[in-house]
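The letters A, B, C and D name the chains in turn, as written, and every chain counts its residues from 1.
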Amino acid sequence: MATERKMERKTDWGWFALSEAPIDPMPLVQFVTRPEMGAVNVFLGTVREWTGERQTLYLVYEAYEAMALLTLEAIGEEVRRRSPKARVAVHHRLGRLEVGDVAVAIAVGTPHRADAFEGSRHIIERIKEMVPIWKKEHWADGSYWVGDQLERVSYPAGGPAPADRKP
Amino acid sequence: MATERKMERKTDWGWFALSEAPIDPMPLVQFVTRPEMGAVNVFLGTVREWTGERQTLYLVYEAYEAMALLTLEAIGEEVRRRSPKARVAVHHRLGRLEVGDVAVAIAVGTPHRADAFEGSRHIIERIKEMVPIWKKEHWADGSYWVGDQLERVSYPAGGPAPADRKP
Amino acid sequence: METVRILLFAGLGEKVGRQMEWPWRAGLTIEGLIEEMGERHPEVRAYAPTLMTAVNAVYRPRSWELRAGDEVALIPPVSGG
Amino acid sequence: METVRILLFAGLGEKVGRQMEWPWRAGLTIEGLIEEMGERHPEVRAYAPTLMTAVNAVYRPRSWELRAGDEVALIPPVSGG
């Protein structure tokens, strides 16, 4: 595409971005590394070729962008309630992705390693639960929006509550 | 120093290195990323400036190099017993490091994310338990080898057994 | 006529349209809006049990009373990451 | 005279020397070697309770019998990572 869109929110401790351009994890690592940190955990979600018997040709991600950024920041705040010095960076890609591409990169820097692992894990689990981003899988014989076939769950509160789960 | 030493072992699934040069995590990420992977977890241990009231000026790492590489590979095999498709890369730095430098970088690629997190965590815990590498902290008022002051533990088997802990 | 703006996403957005205006009246809740929409768009009724709902980019329960001009999002199961 | 080669590391290596040859005799165990070394190097005796021990780069118990030419490593608590 001619112009690649990028939206982001940046605070003194957090950086959250959505972009159509490929994700470079190193700026995220640099954002969360500070002299007071002893540990950085990075999680990369990549486009896997095979899911069971099905071969993915490519994916398309879309987002409710403004809400996705706000929700990522709220998830970052959950991490900081557990680990107040944590620094957090999350970039999610939108648009078309090929096999092997990085769909999401998460970096969490903390003084001690347990918090970095837990923070990074918390963020990916919460993304999969509550951040308004959707993935359409394209195969040789068709395509579908992941989630359309999921078992039915109802959300009387509108969505998962921020306090549902502590990091 | 004039020449920077680097030792490494590479297999079809694992890459283990010790080097005096700064660590670039991206080649590790590339080594563990494959079309069959959906997740990469990266752990970076960085040199923290403050430990309690004490300010670190710099660190020096030394290793029993041949055994460190063999032990890292054995730890990688522990990860692959749990997650047979895992790919693993571990680089540890030796020599003098400054505050903020990366001392160790671990990358684990797996088809599903839980195994990537667990593999990466397992490797750093095992490094701290059994890989023959030592750190000397240098402060304004002195220096010491970390571990010299640790509580006493005895190792009737010579060291932690490979089967001590499952990944 | 006062309205709310509705945003729809993923499979639901493809089938029904990604954005629409809908008449607002005092006392209209998210639940009421989804019921009204379901009469015209059967897909909304089919998706309704799985939808999360947000007003002005914050998750809100079905009983939430809308105000004129609100942006209401119907959020199918998310699949980012 | 047949010998084993001893490697010492970190604080212990700084105090005692990082490498030395030691006389070997049939039946010499790691434990026996550490005791003999402790007579000449009190630091080895002080570190002994915390040491891990390896022969030819593999962790081995104190009861391990050495062969001439073995490389024995006295490994203080590790602190990598």
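The rule is short, and it goes like this: a residue touches a chain if its C-beta (ideal position, glycine included) is under 8 Å from a C-beta of that chain, and two chains touch if they have at least 3 such contacts.
This one's a predicted model, so the numbers in the text were calculated from it and none came from an experiment.
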Most distant chain from subunit D, judged by the mean position of its C-alpha atoms: C
Centroid distance [mean C-alpha coordinates] between subunit C and subunit B, Å: 50
Rounded Å distance, subunit B centre to subunit D centre (Cα mean): 24
Junction residues of subunit D - those touching two or more other chains: none
Subunit A: positions in contact with at least two other chains: 45, 124
Pairs of chains, among all present, that meet the touch criterion: A-B, A-C, B-D
Residues on subunit C engaged by subunit A in the complex (per definition of touch): 7, 9-11, 14, 30, 49-54, 57-62, 64, 73, 75-81
Subunit B partner contacts - residues on subunit A that touch it in the complex: 25-26, 29, 33-50, 99-100, 109, 111, 113, 116-117, 120-121, 124
Complex contacts: residues of subunit B adjacent to subunit D: 45, 61-64, 66-68, 70, 92, 103-104, 124, 127-136, 144-148, 150, 152-161
